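Chain IDs A, B and C follow the sequence of writing; residue 1 opens each chain.
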């Protein structure tokens, strides 16, 4: 470990740049996933523990399409549409029925869904890790000290475009406004004639599509494995809990922050600690909130 | 206890003690059944009775497993040497060494897990509802990951447990009995607890925690005690399980979050959470379904179990006991006052 | 010399731009029945909430038996012997009445009962006795959530008595109760005060009730302490009359 630290500060500071870049790439993906989670959470008060599995599912869809000859960039919109349909189906069958019940029910329902997805994916694709080799060029910088795959840059651009599109949609479109109104006050929205059931269905499908997009990127820049979903879920929860629900810039910065944190932890301590670092961050955030509540009197939440 | 209860316990005792004799080929499955009963029952203490749904109780299972392994080995050999040999060298344990190690190991597992529950409780008990669930889930996942990084206890390669001195049937029967005894002990302790003020207190916390605080109930202490009891039994059964399986490994055996970790919740829900017998019933049913799907639906068993979980949660929240108690309250010794309500819902559950 | 069991000194509390309590000072004498009156929205419940620990106060001090409690949380304050009942009545709605009572035993450090005390012995007897006291004995096995609002109020009161508090803050105890039952409630409040020695501090809207019940009354208006004194004095105090009739 100390040797790794030495590399960072002493021997090859350029490694920092590589880590930062990788952190940004992965940060973009998990920010997207976290945003979707916050969306569903804020609008319907459903905490989707299967979020990470949606991502992986999207990734596998892209993988399957790639094997059928479709380039990942082209696959992105296809996967998003497929995932939206999937999300809509999940909403009708499961989510709609647990919205009214207590929070643990929705958590457990989505956790059950998560398990189901993991197992089905395992059956279909097997437990080996998969990735898409897009055969796009790599840029080498600084005497080959830094590798900058073209495909990662491309995916970052796609993420940014998608994020901007979603934000504009939420602000300008009727449905976007309906969503925000429902998130603020569900009963008032209904009184005003908004069909909240449609809003919920749309929101959940949108989230599934966003996860699908994130998944496509994962399949390109990282690896897929049926049981990796839960780590993405944990990361998303960590980000949302830290940044707060209505806070899009916060979610993005926290997402990138976590990406960086994981890269550095993985480098300094070893890859096995990456998942643990996400958990630690989650726990720290939760503890921090708890300390705030228990030390002094607060209005009872 | 009513006459009906005595009869029920007698039947269980007979089946429990003579089960492996009657069905020797199913001994290990039946042992596993008792493990599941214990897991579901202890989960329900915090989950169903107190309303704190933990997704991370499996942490104590794994911790107990590893604590026991370390105790059993370290009493006679150097742990680091043993684990780094990856089972290539098989050190000898005399009968006496094996059994003292085993029993001390189980005890240490239970007590150690209690300490761990106290430590983790400090982190997570300020959290409510879903945050508590996610926090405990995170702990369980992290535990599995981090254990795999510690070479002293075998890292990702695990530990090969000391051999049982005796032939296969004796071994199977021995571990079966251990599981049965632990499950029975757990049930007895829980039954007693629920009959005291403690049972009322945790129900009050579930019903309205803020009211409980406002009435002076030290809710944190109750949470800690409840989790400690859970941790003790989970730790003990973890130790037994590790020895029974013979080989322990962080993510698959010790901290299997997506399987056993969630099964205990599914079983309690299926049988009816918040009741004494619900988790037991749920464990039995779930176990039977699981074994059946393994045999007949191989390849799809996990999918089937996941589906059951979802269907249970979404469409059948109250579980079997909950449903039964609603339909036939008198059978359970529940007084009903028909004058205040049309549907004659039950007033109090005694069982 | 009877001391003040609760002292509120220059307490202020604002919620954003709303000044709920402005420089409130009052004292509750030990063993007495003290009333708090005032038109709607004048800050009575906020004051209660401040005393029992539901939110922090902005300035001032609150002492209980001489000791500063303004920074303590709800649980520790309750364990000191200072309890409150809720305007909307809070009980454990899924448990039956007897269980509601049994779980309300005192958890103070000098409590007689441990964590694993039996539910059958002395605690049960006291619970039944107190249920009888408030007239709910016949309903004791019913789920408390199914009782009528007035019955729930009585149950909440009985639960508070079960806790053996030193002081009980009651937030509008007669609100929502059938007028024919009010006398019975007043009677029980007085008996609790005289026989059990519990100091009472009551927020009340029903003038007839509070004028007969309290020994000393404080009147709030628009977040400030308007007047205080014996019931007869306040009844004739023009400021009090104006506050109610003037209407804001």
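Operating definition for what follows: a residue touches a chain if its C-beta (ideal position, glycine included) is under 8 Å from a C-beta of that chain, and two chains touch if they have at least 3 such contacts.
Since the model is a prediction, treat every value here as computed from it, not as a measurement.
**Student:** Measuring between Cα centroids, what's the chain most distant from chain A?
**Tutor:** Here the answer is chain C, farthest from chain A.
**Student:** If you average the Cα atoms of each chain, whose average lands nearest the overall Cα average?
**Tutor:** B
**Student:** Which whole number of Å gives the spacing of the CA centres of chain B and chain C?
**Tutor:** 44
**Student:** Approximately how many whole Å separate the CA-defined centres of chain A and chain C?
**Tutor:** Taking the mean C-alpha position of each chain, the two centres sit 50 Å apart.
**Student:** Could you grab the centroid distance between chain A and chain B? Build each centroid from C-alpha atoms only and quote it in angstrom.
**Tutor:** 32
**Student:** Would you pick out the residues of chain A that each touch at least 2 other chains?
**Tutor:** In chain A, residues 294, 300 touch at least two other chains, as defined above.
**Student:** Hunt down the residues of chain B that sit against at least two other chains at once, touch-wise.
**Tutor:** Residues 210 of chain B each touch two or more of the other chains.
**Student:** Residues of chain C that contact two or more other chains, please.
**Tutor:** Expected reply: 73-74.
**Student:** Hey, which residues of chain C end up touching chain B in the complex?
**Tutor:** 52, 73-75, 78-79, 83-84, 90-96, 98-99, 102-108, 113-119, 123, 139, 141-143, 146-147, 159, 163
**Student:** For chain B, which residues are in contact with chain C within the complex?
**Tutor:** 193, 195-201, 203-204, 207-208, 210-219, 221-222, 225, 335, 337, 340-341, 345, 347-348
**Student:** Where on chain A is chain B touching in the complex?
**Tutor:** 47, 49, 93-94, 97-98, 101-105, 107-109, 111-113, 115-116, 118-120, 122-123, 227, 230-231, 234, 237, 241, 270, 272-273, 275-276, 279-280, 282-283, 286-287, 289-291, 293-294, 300
**Student:** Taking the touch rule as given, give the residues of chain B at its contact with chain A in the complex, in rising order.
**Tutor:** Its residues touching chain A are 53, 55, 123-124, 126-127, 129-131, 133-135, 137-139, 141-142, 145-146, 148-149, 156, 210, 257-258, 262, 265-266, 269, 299-300, 302-303, 305-307, 309-310, 313-315, 317.
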